[in-house]
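Each of the next two complexes has subunit A plus one more chain, namely subunit B in the first and subunit C in the second.
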Partner chain A sequence: MPTARRSRRDWGERTLAWAFLTPSLVVFALFIGYPLGRTFYLSAHANDLFGAPSRYVGLRHYTDLLGSAEFHQTLVTTALFVLLTVVPGVVGALALVLLLESRIHGVRAFRSAFALPFAFSVASASVVFSVLYNPASGVLNGLLSQLGVAPVGWLTDQRYALLSVGAATIWMTLGYNVLVLSAGVGSIPQEITEAARLDGASGLRLARSVTVPLLGPHLFFLVVVSTINALQSFGQIHILTKGGPDGATRTLVYSVYEKAFAYGSSDFGTASAQAVVLLVVVLACAGVQFGVLERKVHYA
Partner chain B sequence: MGKQLWGVRVAAALVAAGLTLTACTSSGTPAGPSGSGAPGAQALDNAKGVTTVNFWHSMTGQNATTLTALVDAFNAAHQGKIVVKPLFQGTYDDVIAKYKASVQQKGTPSLVQVYDIGTRFMIDSKQTVPAQAFVDRDNYPLADIEPNIRNYYSAGGKLASMPFNSSMPLLYLNTDAFKEAGLDPAKQPQDLAELGDMAKKLTKKDAGGQTTRYGFGAAIYGWFVEELLAESGTLYCDQGNGRTGNAGKVLFDSAQGAQAVQWWADLVKGGYAANTGRVPADAQAAFKAGKVAMHLESTGVLRGYTEAAKFTVGTAPFPKINATDQGGPAIGGASLWIDGPGHSDAEQRASWEFVKFLSAPEQQAVWHTGTGYFPVNRKALDDPRDKAWLARYPQFQTAIDELHATNPTPATAGCLLGVMPQARKGVETAIEQTISGSKTAQQALSDAVKQLQPAIDSYNSAVG
Partner chain C sequence: MSRIAVYLLLAFAVVTVGFPVYYAFAGALMGPSELASYPPALLPHSVTGRNFAGAVHAIPLGRQYLNSAITATVITVAQLLTSILAAYAFVFLPLRARAAVFAVFLATLMVPWEAVIIPNYLTISGWGLGNTYFGLVLPFLASGFGTFMLRQSFRQFPAELRDAARIDGAGHWRFLWRVLVPLSKPSLAAIAVYVFLSAWNQYFWPLIITRTAQMQTLQIGMESLRDAEVADPGLVLAGVVLTLLPTLALVVLGQRFIVRGLTAGAVR
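Right, the complex of A and B next:
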């Protein structure tokens, strides 16, 4: 008797559960599932003049990518860009937040100032940076010439372009990172820091042994989110360098855009194959971070 | 267990549904036949109500204002019959991307403004009615259109689209800097070597050894190399610059191409030319600010320069690679394409009426004086307004003389190539590589040619 009734009740609950899930599943299928399936489909097809899929080519776009020196350079650039932006972005924000912990006057003003970049859109921030970096009339080269240093091709010299775009990106992400970490510091129970202080810990020691370990979950979250954001950066690259000079700032996302839309190209096949590679890279990064980093994170 | 399996099945069903949808939307691309005959004026007479012309364009700022005024004038003159709706669609590149999507969705605009280097693609798209068909039907006086401009937009001797906004490249001079350096701005450099020597004399350093003014500076823009090749009478691509058949190869790695790119890179490396990158606005800013004494740009910026610069802006013919070169510059800019498939005869005819209006002498004089683009109609130069404008801006005469001195040849017609935008980008990358010193100009250009080949082949095989 109980088994029969229970399974009938289970069935009813299951139906109800699916009924509740259906709307979100439909949205998911429509806006994530379909484009994803479409990307895989396009990546296995050649294109006609207008970019419509014309014939099945199997894995040819993928094998072409593997053999392409240009694509290898793109992958290296992408990895460098992630390293150059995520590490300084998170470490810098952490340093700022720890400094804000010191009891000095006007700390609120600083906190607002440090969080301010969050309010800028990528486009407007990029335009401001392009003015700063301008080789002939830019502020940065103006300062250098005051110091008697030769002007630098911030965005036009292969050696500096990625660093310059990276610096702009760090500035843009800093606000968000400061906000998250400030919230993290605020959530550390007072009694713990007080106990540590009573034990004689202060300054660096307090930060190293108490604050930073307790910020673990926030730092972990920031590393994951910043990595994914860095992998998907587009606006600042488009506005500042358009992937140049000579491909020095062409990341994976920018390469996808170039193949699909730029320069009259409509090579959606290659672009989709690159998008799939990007998906794999993002999943792999997230997987590694969850597998390795998370184990070291202490959730209070 | 069972629950999980069911979930998997639901997911699979959703994916399958998505794929079916995909299959439905991707079933081929419409490729209607290109109209052989164009509808006559009666198509519009027979039409009921108002015929709407959706006009995609890429004009911004002052150029957009002037275009809107012309559209308003046309609409007022055709009240109750035709209404032209100008729709700004972003940059020329954006227009091509959107146009491709519109072909897939069978929703092309009635009329579209496409840049010079999109010409081959537009012909191959088979979506448009050749302007020649309307010209033949109306006995339109094609001789009024500047022969060099007509030459660019013709394939197989037939006009594919009607030129609208045409520009030419010029050498811009800071005449004050010339006088300061003891040079005569009226004595213009005959070739690249001479231009380089002048650039060295015009470069100025302060006491600390910092360069305060470069002798030369231009945006890393592939168009300039195309122009230098045209000036030297060298083909950019095979099949007579794609005029006698579909081009299958680019030829910009010629000795002339390498000479021009190496010359440019050497000036930058020697500290005599400013490298402001690919963005034209940055190079323009450097010239306007007096940081660069000689500069390559289109005629289209002349009016802005004369108004913004604190020095006297001089213009000279675009340089030749060698003084003995017999070619001339190819024109740049954009033309107007009338869409055929999916558009009624009345709509096609209405588009043509508007195109005819825009290319008439009076409108071209308004356009010329309002924007700085070259008048495509020769008779516009006789318009009193145009004459007054030339008297005020004598610098503009340079471009007119330059155009009229050029014999139409395949080299000066410019290259028709389906993947021309990518070819231009390849040249730009080669310039960057030569400047950075990672390759010689010859090597960089040869590599660019090699890298471009698969794109040309796949384009040509897609055209069939």
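Right, the complex of A and C next:
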């Protein structure tokens, strides 16, 4: 009875498949699926001082956010922070990678140097920058005053705080960006660049007409990933400015933290509504990535 | 562009990027008077180890090292195990709803963790696991990323080897642990390095789920070093250096694995 035996074996294998998938599925259900639903639930409920949901309020948290000047500022700050970190971060890494491509000595050493920040966690990098930015004893102001420039309140001045946190963030992500783009350059077929060189292209011309266009998909990937990472930045803001001064560095994620956990606050309703906004923005970015990749996978 | 200009630009970039790294180490070796000196001291004149001793004294650094190590190790081992099993099911076992289940795994990659952190905090606290090792690791015992990476690697496993193992009488379990896993070591190492680094460097979750210095991980403890000793940057930098050493070693020794793991999602 070969078919009976086969189907029994089949049945055993199907069971085994589910048994193998179960541990992962249980973790996902408990810590991603269920909380996702609960975030929506909390965002539609008012809560008492301890954060326990009290009554259904529908979309009120969302409409409150729409009308809140503070939340508008949060959104603007978030957008600025993304722009400030992603554009210079990607462009800077691209410039470095292109410089490394121009047939120089010591490429490996340079590349390792640029990968160094990668060893730093967000927390340790932020703590180092907080020492550098220190208005009184920090090296930055020390060097500035040598040049006769008045000390700058890097993290305490409304005008500079977001820029300073952004600069620290660019520093943290540079190593990763260089790695991704180096891998991209490595994947460009040698014949293409050699052919271009034989045709007399070099330096900027080679970069503009050959390398950068062929890096397109990698640059696109990097922009999307950097955007999503910037949207989720938390540690550097918490360590450097705590969202201040006066909300100047309060991004969406930081606002979620403030409402839900900071200063004994347990406003889980408002915080959850903001978390939903974050979710939508990040999913939109991921969606853009998938949509574009689906259409433009073939290159080179 | 002339060659000299290229070198100058690169040198400038190296100095800019390298300075915070350099200063973390140099400052950790300077005494308080040097750190506060004007013009700012860039080289430690009289090297001192006092900051390190001070940092160890100021916070339970040893305990927090242990906390970070336990947390990161448990998360890494668990994610490897759950991902190996799940990836095996996707590649080598019959499954009717394969596409749908795989879509679930992919979907978990897109959800930003910050969007579910409040309910997870409530869940873990509700189970009475706040401020415990269980609380630190439970949400991270499985990973769509690890499963995805391993599935890619398993799919490239040569069919002849698999058939040979089957002819030798190896069932799924034996084939998995005796043949497949040993031969997939490079992929497993890449995932392990990546997962360990991310777990070691976690910030948001350990910040809210731990309450006492005894349960804090290094990433959180380091900051209290700064808050406790506002006037002593040397101590803070020493704490950073001590926190940094394991990851620095991992990044230097495991660089090729990291490159593989990190660029895995990139377009090829």
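Please note the rule applied: the second predicted complex is superposed on the first by the 257 of 300 C-alpha atoms of A that agree within 3 Å, B and C clash if a C-alpha of one lies under 4 Å from a C-alpha of the other, contacts with A are read in each partner's own complex, and residues count from 1 in each chain.
Just so it is clear, contacts are C-beta pairs under 8 Å (C-beta built on N, C-alpha and C of every residue); 3 or more make two chains touch, one makes a residue touch a chain.
These figures come from a predicted structure and were not determined experimentally.
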First, second, both or neither for A:L143, with subunit B first and subunit C second: second
Touched partner set for A:V90, first subunit B, second subunit C, both or neither: neither
Which superposed partner A:L206 touches (first subunit B, second subunit C, both, neither): neither
First (subunit B), second (subunit C), both or neither touched by A:Y34: both
A:A46 touches, of subunit B and subunit C: first, second, both or neither? first
Which of subunit B and subunit C A:F120 touches, first, second, both or neither: second
Touching partner for A:Q158 - first (subunit B), second (subunit C), both, neither: first
Contacts of A:N134 with subunit B and subunit C, given as first, second, both or neither: both
Which partner reaches more residues of subunit A (counting touched residues only), subunit B or subunit C: C
Touching partner for A:L16 - first (subunit B), second (subunit C), both, neither: second
Footprint overlap on subunit A, comparing subunit B with subunit C: 14, 18, 25, 34, 38, 51, 134, 137, 145, 261
Residues on subunit A engaged by subunit C in the complex (per definition of touch): 10, 13-14, 16-18, 20-21, 23-28, 30-32, 34-36, 38-39, 42, 51, 96, 99-100, 102, 104, 110, 112-125, 127-132, 134, 137, 139, 142-143, 145-146, 171, 174, 176, 179-180, 183-184, 187, 203-204, 217-218, 220-222, 225, 228, 231-232, 234-235, 238-239, 253, 256-257, 260-261, 268, 271-272, 275-276, 278-279, 282-283, 286, 293, 297
For the subunit A and subunit B complex, residues of the former touching the latter: 14, 18, 25, 29, 33-34, 37-38, 41, 46-54, 70, 134-137, 145, 148, 150-151, 153, 155-158, 241-242, 244-247, 261-267
Subunit B to subunit A touching residues, read off their complex: 3, 10, 14-15, 17-19, 21-22, 26, 28-29, 93, 96-97, 100-101, 103-104, 117-118, 121, 124-125, 208, 210-211, 220, 274-279, 282, 285-286, 289, 291-292, 418-422, 424-425, 428-429, 432-433, 436, 438, 451, 455, 458-459, 462-463
Subunit C residues within the subunit A interface of the complex: 1, 3, 6-7, 9-10, 13-14, 17-18, 20-21, 23-24, 27, 35-36, 38-40, 42, 81-83, 85-86, 88-89, 93-96, 101, 104-105, 108, 110-123, 138-144, 147, 172, 200-201, 203-204, 207-208, 219-220, 222-223, 225-226, 233, 236-237, 239-240, 243-244, 247-248, 250-252, 255, 258-259, 262-263, 265-268
